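Several structures are given next for inspection.
Both complexes shown next keep chain A, but they swap its partner, so chain B is in the first and chain C is in the second.
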Partner chain A sequence: MKPKSTPSATDRELVALLGACCIFLALIEHMIPKPLPFLRLGLANLPILIALGVLNPRQLSAVVLLKILGQGLINGTLFSYVFLFSAAGSLSSAVVMFAVSRLPDRVVSFVGISISGGLASTVAQLGLAFLLVFGRSALYIAPVFLAVSLLTSIALGLIASSFCSRSRWYSRIAGAEGRRW
Partner chain B sequence: MLKLPRLRPFDYIAAAFAVALIAAAAVSAYSSGSEASRLKVQTAGGEFVYDLRSDATLDFDGPIGITRIEIKDGTARVLSSPCRQQICVNSGALDSGGDWTACLPNRVFLEVTGADETEVDALSY
Partner chain C sequence: MVKPFIRDHSAQVLLLCGMLTMIAVSLQSTVVVRCAQMVFFLIFAGLMGRRVRLLPPAVMLLSVVVANLFSPNGRVLFSVWRLDITYGALRLGLMKGTLFIGLIYISRVSVGPGLKFPGRFGALLLKTFAYFEQLTEKWPLTHGDVLGRIDELLLTISRSDAGSARGEPRGPEAADGRRGGVIAAGGTEIQPYRRNLLAAAVLLTAGWGPYIASWTLIAADGRIG
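Let's turn to the complex of A and B:
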C-alpha cells in the first residue's frame, strides 16, 4: 500500500478535495449540539482516514493542516487557546494514524487506525488540559473523554471502511495499491 | 447500509488498549475520592486552616460577636453565630471538597477543601 511518490495534478486536486471535505464536515460537526466543548464526534477526521491510504506523508500533512485551520475558522477558535487543543489533537492523531496505517492490511483495518488516532488525540488534549488549564481536575474528565473517543472512533472507522469498500471513486484513486477492505 | 469490515488483530489490540486506558483513568480519577480534608476559615482577624480529621470547637471573633465552629467526624459546621439571619448555621455540615458557607455580618468565611483540587464544575468550561 505505498502511495504514489510523484505528485501529479490529480494528487493536488485530491488534497484540496479532502481538505474541503474536512472543512465541510467540521461545519456539520459545529451544528451538532454537544454537552461539552471537547466532546466531539470527530467527523472531520473521516477524510483524514480515507487520505491515509492514498496520499503520501507530505500531502497528508497538507490535508491535516487544512483541517486544523478550517476547524479553527469554523468554530471561531482560531486565535484562542482552544485552538492549541484542537491542533495538538489533530496533529498527534494524524501522526499516530499514519504510523498505524503503515501496518499491513491483514493486521489492521480502518477501525484500529481510527481507535489509535482517537486515543492519541484525546490523550494529547487531556495532557494539555492537565498542564495548562485544569491541573489534576483534568483526571476527573479523562475516563469520560476516553470512553467517548473510543466509541466515536469505532463508528468513524466503520464508516470509513464501509465507504472505501464501496466507493468507485475511492477504488479509482487508490488503484491496485489502495487498502483492501 | 453500513458494510462491516472484517476486524483484524490490531483492531482488537487498539480497542483493548483503549479500554485498559479508560479503566486506568477511571481508577486513578475516582478512587482517591474527594473527601474533605481541610477547613479554611477566613475572618476579619486573618485566615486559618484546620485539619478536619481532628475534632474541635473553635471560636472566632468578628465585628458583631463570636462565631462558633465545630469540626466533627470530618465535617465542619457553624454552631452559633451572632448574626440575625443565621444562614451560616442553617447551611449545616460542610462535608465535601468545595463546600462553603459564610456569615457576612460577622465577616467569617468557611471553606472545606479536598485532598485534591476541588472538582471541576460546569462553569469551568
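Let's turn to the complex of A and C:
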C-alpha cells in the first residue's frame, strides 16, 4: 500500500519531527571527529531513509528542505559553496532513494536504498566539483569518494533497517499505511 | 506605523537575530571567545526564563573534547598514559563542543512565546524548532542501547504531542497550518515585546560583537587592506 497523499495534522507533526531529527543528527555528526576531511557518515540522512516508507513525495521534500537548511545553519555553511554541494547531494540522494524505494515488490532493502542514495549524492557532488572547483582533477578523487560513500551508506542502511525492525515508534507511524522492509 | 509592526513581530525579530547570531558564532575562530560566548548564552537563556541544566552540557562538552583528542593534530602539550594531548585536537574539540552547546542555548532564547509565521511552511518551521528543542533537552546521556534510547525518546515526544492535541498544556505549539504557527505564552504571563527586542539586541551584540571587534583590530593593525 502506498503512503497517504492527503496531509493531515499528524502528517505535518511527523514531517516536523523528522526534520528536527535531521537537524539534531547533523549537529551530532558535526561533533564526531573525522579521520579524513571529506569523510562524513551522513547521519542526517537516517530520518529521510526512514521517512521513505511513510511519507508522500511532497512531505518528503519538506523534510529534505528542512534538513538542508538545518545543516547549513549548524555547520555555518549557509552562504557558501559547501551549502550548494550539500543541497545538491541531499536533493539527488532523496530523489534516487524515493525512486528505488518505489520499485515494485520491494525488491530493494534499506541497505540497497541507502547505497543508491549515497552514490547519487556523491555523483552529484563530484559533478559540481567538476564544474565549479576542480575541473578534470575531480575524476582523480572520485574513486576515494565513491568508496567512502559506499561504506557509509551500507552502515546507514544497516542502522535504519535495525531501527525500523524493532522500533515501536516506527511501527506506530508506519502502521498499515507504511511500507515495511 | 513602524512601532505597531515591531510590536507585533518582535518574536520573529528575535528568531531572525538568533539565526544571525548562530552564523556569527559558527564563524568565530578564537577558542577563548567561543567558550566565553557559550557561557554567556547559557546564562542568558537562564535569565530569559528558559530551562537551563548544567550537567548535560558539561558532559556533552567533555565527551566531544575527549573524542577529538584521539585524532592528534599539532604540537604535543602533554601525555596521559600513552595518549598525546595535542593543541590542535584540544582546540578542535573545544570549538566543536562549545558550538554545539552555544547553538542549543541560542535556539532556546530565540524561539519564544508569541512567535508566529504565516502559512503552512511557517507552521512547519515552528514545529520543527519546537521538536528540535525537545530532542536536545530530552536526549538521554546514558550508556547502553542507542537505538532503543532513540526509540524511547521519539515515543516520549510523540506522546507529549498527542497530549497537546487533546488540549493538555504544553510548551511550543503550532496551530492550524492554514493560519500559520503560534507559540503560546506559558501560563498567564505575557512576554512584552520590549523583552524580545532587548534579547535580540543582546544576542546580536554577543554574537557579532567579538567577530567585528577582532576584524576591526586586525584592520587597525594594518595587517589587511
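In the analysis below, the second predicted complex is superposed on the first by the 172 of 181 C-alpha atoms of A that agree within 3 Å, B and C clash if a C-alpha of one lies under 4 Å from a C-alpha of the other, contacts with A are read in each partner's own complex, and residues count from 1 in each chain.
Keep in mind that, in the parts below, a residue touches a chain if its C-beta (ideal position, glycine included) is under 8 Å from a C-beta of that chain, and two chains touch if they have at least 3 such contacts.
This structure is a prediction, so every number in the text was calculated from the model and none was measured.
K.L.:
Using the superposition on chain A described above, determine whether A:Ser167 touches chain B (first), chain C (second), both, or neither.
P.N.:
Second partner only.
K.L.:
For A:Ile159, is the partner it touches chain B (first), chain C (second), both, or none of the two (neither)?
P.N.:
Touch status of A:Ile159: both partners.
K.L.:
Would you tell me the residues on chain A in contact with chain B in one complex that are also in contact with chain C in the other?
P.N.:
Correct list for chain A: 159, 162, 166.
K.L.:
What does chain A use to touch chain B in their complex?
P.N.:
36-37, 100, 103, 105-112, 115-116, 118-119, 123, 134-137, 139-143, 146-147, 149-150, 154, 157-159, 161-162, 165-166, 181
K.L.:
Within the complex, which stretch of chain C touches chain A?
P.N.:
Result: residues 19, 22-23, 26-27, 64, 67-68, 70-71, 89, 92-93, 96-97, 99-100, 103, 120-121, 123-125, 127-132, 134-136, 139, 147-148, 150-151, 154-155, 157-158, 161, 165, 174, 176-177 of chain C touch chain A.
K.L.:
List the residues on chain B that touch chain A in their complex, please.
P.N.:
Chain B reaches chain A through residues 2-15, 17-19, 21-22, 25-26, 28-30, 116-120, 124-125.
K.L.:
How about chain A: which of its residues touch chain C in the complex?
P.N.:
9, 12-13, 15-17, 19-21, 23-24, 27, 30-35, 62, 66, 70, 73-76, 78-79, 159, 162-163, 166-170, 172-173
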